[in-house]
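Letters A, B, C and D mark the chains in the order given here, with residues in each chain numbered from 1 onward.
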Amino acid sequence: MKLSFSQYGKSAVGLLKVFRDGDVQTVKEIEVSTLASGDFDRAFYSGDNSTTVPTDTIKNTIYAMAKDHLGESIEDFALFLADHFLGKYPSFHGVTIEITEKPWQRMVVGDQAHAHSFQRALSGIKTTCIRADRSSKDIVSGIKELEILKSTGSGFVGFPRCEFTTLPETTDRILATRVSATWHYTKPVKNFNETNRKIVDQFMLAFTTEYSRAVQETLFRMGTLALEAVPELDRVMLRLPNMHFFQYDLARFGMENKGEIFFPAPNPHGDISATVER
Amino acid sequence: MKLSFSQYGKSAVGLLKVFRDGDVQTVKEIEVSTLASGDFDRAFYSGDNSTTVPTDTIKNTIYAMAKDHLGESIEDFALFLADHFLGKYPSFHGVTIEITEKPWQRMVVGDQAHAHSFQRALSGIKTTCIRADRSSKDIVSGIKELEILKSTGSGFVGFPRCEFTTLPETTDRILATRVSATWHYTKPVKNFNETNRKIVDQFMLAFTTEYSRAVQETLFRMGTLALEAVPELDRVMLRLPNMHFFQYDLARFGMENKGEIFFPAPNPHGDISATVER
Amino acid sequence: MKLSFSQYGKSAVGLLKVFRDGDVQTVKEIEVSTLASGDFDRAFYSGDNSTTVPTDTIKNTIYAMAKDHLGESIEDFALFLADHFLGKYPSFHGVTIEITEKPWQRMVVGDQAHAHSFQRALSGIKTTCIRADRSSKDIVSGIKELEILKSTGSGFVGFPRCEFTTLPETTDRILATRVSATWHYTKPVKNFNETNRKIVDQFMLAFTTEYSRAVQETLFRMGTLALEAVPELDRVMLRLPNMHFFQYDLARFGMENKGEIFFPAPNPHGDISATVER
Amino acid sequence: MKLSFSQYGKSAVGLLKVFRDGDVQTVKEIEVSTLASGDFDRAFYSGDNSTTVPTDTIKNTIYAMAKDHLGESIEDFALFLADHFLGKYPSFHGVTIEITEKPWQRMVVGDQAHAHSFQRALSGIKTTCIRADRSSKDIVSGIKELEILKSTGSGFVGFPRCEFTTLPETTDRILATRVSATWHYTKPVKNFNETNRKIVDQFMLAFTTEYSRAVQETLFRMGTLALEAVPELDRVMLRLPNMHFFQYDLARFGMENKGEIFFPAPNPHGDISATVER
């Protein structure tokens, strides 16, 4: 028996950094996962740990490096960490650094932005995943758990029917989803935060401005607008679960439900994924 | 053996209502729980269901009543439901209606509020709980899962020490909590949403504007400000778990951590609860 | 404004103890919550921490005391902790100690019980809650998240109907629930583990051996059998959510569903609670 | 812009089947996800749903097919569903059927197995994933959320040290993990349940019987034993997060902690993955 693949590292390293710029402070809360592949077969074959940098060391490193190198963008910190680990440990041939950011938003008290108080922010967790070896780096950023909903402007008609089809056609339904999206950068950009925001803005634009004849159509429009807006991207991967809200049958009680009263049916759910490329 | 307490009902009735005011739509997503006490002993003693309104009927009723009676405030709908159930079913002697609202926030696309698109707002779930019988109604509203954090302006000194004490004193720490608060109305107010917002604003004010010498002190200030701002309240109940963020020990690596790098330690957590009264 | 109630302490203190009895080891994993009430008003009114034993000290104490005093039963450890805290800190007038046990079960490998390997066990988390002051102790133990299901032997008929009733009567349905139960001991017993096991066995007996005409009837039987079996109990509190499994409508596809194919509908769910007393 | 990948379907279709074999009944609870790839580009490019079998139809089909075709093994049902969908819908070029089984275990009441009562078994969820097109089928089965722990017989020494290393060497630690494993069948076996059980038994054997010098070594032994025991497998993929339990520092209180008192530190956690091949 032999090993055909392996990786190891530390997952779920939570970290909060306070940026103390005079009286106004800013906080950033991230979670880092670092997985390494390389010269580690001996640990599997014979329990020889001589090349296995402890995952505890990986964890310590992340906190230590955050002090001087974690700035505004999780991408820049992930790229730095990839360089650090590959530069420091010869047994590491490749690393995958994933960072998620759970956003804190500056609190507004009495119409004034507060200097050091924050509130957990709107839905949507920012993500980045850097895969690197000593000759190349691959940058994929994204967003997940972004819940959005249109109360009209969506339908589903013209689908094939068979003996197992009971779904009625509709030209006005609720369209709700929890967006998971990632996008591939062909090269680093100057300001990842700004570029990522532009991409998410395009998703919102695509989601809102045109009638949706299918989740698929909306997904393709979201990917297309993002690619058009950001030349440094070559592909966008989207997963849009169809978080169903069904009309409740009020006719049984002598009432008419004109698209007013819905019940959420989170499971089972439709599940649409695709990659849009340039 | 005998019954000394019983209640039954339907929990977790999810419901989304679309308000269609011309071109601009609004959505409200709530979850309702209805528990009844009354003349139900026969079901327990002898499986006699003749007074047990099915929980399925309770569920149907909530959807049906939402059509005409769910408006802006969950309090008003809960009060309506309490009246409805007590008025309709003689076997119901008392009801407890709990409603939570999972907020959707109108989406802004290109600086413009969109007419029918929404995004999940994460911070803070609104709650209300009405306990009613045929002669009285008790109104307790609240907020939960409201995550807030101060990156400075908080300390903890002067506490007693014993052989099990290892905690150092500090005059500058992170104070983070996930607020659970409820407040008791002595009578209905005209606009529950507005009044509740005023209460939460006072919480924020109390949390942010003064140095916190103890979570307890901050809690008491939060309750006090809310009671001062809203005369219809007679008491405020607050639970403030102390969501610890500890400084990571960087000295081991020859670095100084001047309140910059923290790791979240969600469990175990401090847990402070109190009721503030007029 | 004044304080009418307060308590504070440390929640979710996770702890695993290894009992090393020669070659055979045993593990016990528990989570402890300790809340104190007492002479703490000064912390709320003026940020004076001089009576506030830090929750960090409470945490340290739990680990330290577990070394010599955590044995087979969580009740005995909770009673010990209550005595310890009340004896040591004059500012503590009352304490509530809650302990849950997440069970590990000895692993069987090749038909042999292994000396030091364990597997997460069957559903059901054991709980205890001790409320104590310097003159009295109150012992409530329990079980939660115990998921049980009967595939037949349950029905629901004879209930009142109104215009909102659409539920059909049935004499053969699935009855599934996630038991939350607590029971009050009038005095300590010699072997809490054995007594608690006897109580849960009675729940199972009541759940399985007789036809259920209502969840209420089954609940009352569960409480009654437990009280009959254990004289040291004076009351049993049970909450039985009705975890619905509904027959899927296959008639639309020309098939008959004779109680074979169900879909789980966890929410909304029926919710039945009661206290059975001697 | 163009589509380079897409799939769609229905996820999280929950289903419970009751097998009524005379007086003794058996239940099986599964969750099915069905994703199809094929001739669906028109939906993305132009909202043309003429080839998009509704996910609601897919859901209906799963319930309908379960009546006659769901038996003891989730693999056989998944293979059947794959054939059904590919046979029935020309626009489906490939399907991925994933099924998980949440186990119910027959209840034992008074030393007797009960004919129709069941209890949730917590440890280990069975999984299968069939990827099929019209010319081939790929079978990968597995287990997840299987929590196991050794209280001794595990160490970690001989690892490289650098300025970020603070971890001490140990020859006696707790080894705990939540196993996620999948294995690839080169062809269907007669009795998937029996074969899968044999594989998991080998995991347990490998986990328990030898001293673990590294999680990696234990992982490799688990994969090796499984491949040796089951000739129809060609590879085993394992992920073993290192669920840390750290010794609590009692020396600060004048006590010695001889591997007795640990605190669980679920995050951050070590994360070891590998594929073992024949």
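Of note:
We adopt the following convention: a residue touches a chain if its C-beta (ideal position, glycine included) is under 8 Å from a C-beta of that chain, and two chains touch if they have at least 3 such contacts.
What you see is a predicted model; the values in this text were computed from it and never measured.
Farthest chain from chain D, judged by C-alpha centroids: B. Where the sister copies chain B and chain C meet, the same residue numbers recur on both sides for over half of the interface positions.
Of the two chain pairs examined here, A-C and C-D, it is C-D that is joined by more C-beta pairs in contact. In terms of their C-alpha centroids, the spacing between chain C and chain D amounts to 29 Å.
If each chain is reduced to the centroid of its CA atoms, chain B and chain C end up 24 Å from each other. Computed from the mean C-alpha positions, the centre of chain A lies at a distance of 37 Å from the centre of chain C. Counting partners per residue, chain B has 14, 60, 64, 164, 166, 252-253 as the residues that reach two or more other chains. Those residues of chain B whose C-beta lies close enough to touch chain D in the complex are 163-164, 166, 252-254. By the touch rule above, chain C contacts chain D in their complex via residues 14-20, 25, 27, 29, 60, 63-64, 66-67, 104, 107, 109-110, 114, 116-123, 146-153, 174, 201, 204-205, 207-209, 245, 248, 250, 252-253, 255, 257-264. Taken together, the chain A residues at the contact with chain D in this complex read 1-14, 33, 35, 40, 43-57, 59-61, 64, 88-89, 91, 156-162, 164-167, 212-214, 216-217, 219-220, 223-224, 227-228, 235, 237, 241-242, 267-278.
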